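One chain, subunit A, appears in both complexes that follow, with subunit B as partner in the first and subunit C in the second.
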Partner chain A sequence: MTHIAKKTVDSSRIREILDGKKARMKTCLQACAACSLCADSCFMFNGKDGDPQYMPSYKVIKTLGRLYRKRGNVSRAELERMQQLLWRNCVLCGRCYCPFGIDIPNMIAFARGILRSQGIYGVFPHTSGSTEAELQ
Partner chain B sequence: MYDLLRGPVFWVSAAVCVCGLIFRTIQMFRLTRAKIIPECRLSPARNTPARQVSDEERRLDMVARFRNSVIWRHPVVVAVSAVFHVCLFAAPILLVAHNMMIAQAGWVALPSVPDWFADLMTIAVLVCAVFLLVRRIALPKVAAISSPVDYCVLLLAVMPFLTGFLAYHQLFDYKTVITLHALAGDLLLIALPFTKVGHMVFFFFSRLTMAGEFCMGRGRRTWAA
Partner chain C sequence: MVIAEIKPLDEIKQLLGGYRKVLNTGCGGCTSVCLAGGQKEVDILNTKLSLSFKAENVPFEIDGFTVERQCEIQFISELDRMVGKYDAILSMACGAGVQFLAERYPDKPVFPGVNSTFVGVNKDIGWYEERCKCCGDCVLGFTGGICPVSMCAKSLFNGPCGGPQGESCEVSKDIPCAWVAIHKRLKAQNRLDNIKAIHGPREWRDQVQGRIILEPYKARYVKNTE
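Here is the complex of A and B:
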């Protein structure tokens, strides 16, 4: 389901992109108190019976947070798992609410950009929020 | 050891805390810029008087807004968080024992609350902390995003209160407990600007100054890049 142009991961390119917004993104990640109050603002979280994987904060922490923590040294498989969170689990509708005012959609968009730099994109069935099994 | 922790180490910690908070605030300003808000002018043809909004419509709008708010959806979490944070700040500042030490050091004597009230605030912090901890462990959506750091931050915030409570009631070995209390307080002060506890700076800056739908202030700033 993924358009894979490159099979390897260019960690230095990921690091370069991460460093471009390091101060801002790290400030936002650090401001997250992991309170989970953003969950209810996501229609996908509500539509999936409260599956934590659809929580806005979960999507950010497990993708962008992980990329910063590992300084871009991630495997291709990890990036593909992130693809699920960033495209299948999020339609980037921009309705996330954070009590601390963290701009979650912006962080998800930034993380998507990093994945695109590695040739990983979202494709239509995933953006509809359905898994492959559900579509068949 | 205790004298060292409540003396020079405390002043260094307090200085690190104040300087760190100033640094974080300046950093937030540097990461953002003033937002240029375009002046909106309607064409003369469309510039008709606004439709009168009835009181009933206004009331319904307020009800809808409130029902969509976090306060309505999670009243217990909001109430517990509010009590936790208010007591977390008020208890150490308004405690007689702390203010006496500040006065003895030649600083201004701050207003204090009776000991029983400070004790009540300490118990409130401890009870709220237990609630937040149980919520973090038991609720799958909170557990899913919790890292060891989140537990450490909670422990860091609670330790000065737990040790203070034990010291005030003379439980366990007083000297050890009071030394731990001073150490926990100093650690919290140092950690405040540089760890997740720093969400206190981010909260006020973001919710009061950053432009956006949920801005509670003027919202005249936006991210620089």
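Here is the complex of A and C:
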């Protein structure tokens, strides 16, 4: 469940959330063959001249994958970097395609939920007072 | 996007009266962007409700959980594993999201935490303006990209009426006349012919539940939906 914005990281809470979807998440992370076909289906990746940080698999592995591998023992700075990948680099349009059937949007949504549990929310340029250019 | 406003606290309290354990569900879509129903607003509202009920010695527990979009089944299904623990659900999504939750969990009372107000734009931080009534018969092509249905007080398709006061609407001098604006823009684009022809009235009586199934998907859904 949610907590008012915190400065520390509640690793045990992250582990608890991860465990709630462990089997599915593990299957998804293990099934990724780094084929990069998901990148072709991502309009943000294509719109950013193929910047790998917009590749759907990259976004999942560098966020959820990292949280899982480190069992939630991450710093707040790391979570804030993940925030950029999960919100700025993904609009969750649900169009990403995986030939192995990995439900990438579901994994992104799951990772977002974990960040929210730590008081880290979406980045919207108009609400943060930052322009798109400043966020680059 | 859909613009919404948080309901007054007293109204929400009245809706939740009698329920001891409530799940407040935020929406990461439109209502999150317009600062009405995202995770932050869920957290703030939960704190306010808890304090308020506590001050009245009313037993009350509330948790929050935000799904990406309450108008998509793949995201609201995240709630399946948790709704069973609660007596009621408060939804911070637009009316579509509230109804989608109520449909998925018919045994649970689902209450709205926000008022969906209009389809609009972000003019600036915290400043939203209506731009579309979703009338289903878009005329922007001949009105210079200014919607007379949402911007004109009378929603006239052939304007202006006899009431404009200069460039203002007769309703208020602070409201610009949509048809004066349409005329100015079309004149600047040398397209005044666009509004010289009379446009027939819209069939406003044809108000049925909206449904669009894209052509490539008709084979999949039509026999189930019609």
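Here is the rule we go by: the second predicted complex is superposed on the first by the 121 of 136 C-alpha atoms of A that agree within 3 Å, B and C clash if a C-alpha of one lies under 4 Å from a C-alpha of the other, contacts with A are read in each partner's own complex, and residues count from 1 in each chain.
The rule we apply is simple: contacts are C-beta pairs under 8 Å (C-beta built on N, C-alpha and C of every residue); 3 or more make two chains touch, one makes a residue touch a chain.
Because the structure is predicted, anything quoted here is derived from the model rather than measured.
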{"item": "Subunit B or subunit C, by number of subunit A residues touched", "value": "B"}
{"item": "Partner chain in contact with A:Ala31 - subunit B first, subunit C second, else both or neither", "value": "first"}
{"item": "Partner chain(s) touched by A:Ala39 [first = subunit B, second = subunit C, both, neither]", "value": "first"}
{"item": "Partner chain(s) touched by A:Gly72 [first = subunit B, second = subunit C, both, neither]", "value": "neither"}
{"item": "Touching partner for A:Gly101 - first (subunit B), second (subunit C), both, neither", "value": "first"}
{"item": "Subunit B versus subunit C as contact partner of A:Ser57, first or second or both or neither", "value": "first"}
{"item": "Those residues of subunit A which subunit B touches in one complex and subunit C touches in the other", "value": "20, 103, 106"}
{"item": "Subunit B-facing residues of subunit A, complex", "value": "20-21, 23-24, 27-28, 30-37, 39-40, 50, 52-53, 55, 57-58, 61, 97-103, 106"}
{"item": "Interface residues, subunit C side, partner subunit A - complex", "value": "28, 32-33, 35, 38-40, 42-43, 46-47, 63-69, 72, 74-75, 78, 81, 122, 124-125"}
{"item": "Residues on subunit A engaged by subunit C in the complex (per definition of touch)", "value": "1-5, 20, 92, 94, 103, 105-106, 109, 112-113, 116, 119, 121-122, 124, 126-127, 129"}
{"item": "Residues of subunit B that touch subunit A when the two form their complex", "value": "27-28, 31, 70, 73-74, 77, 81, 136, 139-147, 150, 195-196, 198-199, 202-203, 206-207, 210, 212, 214-215, 223-225"}
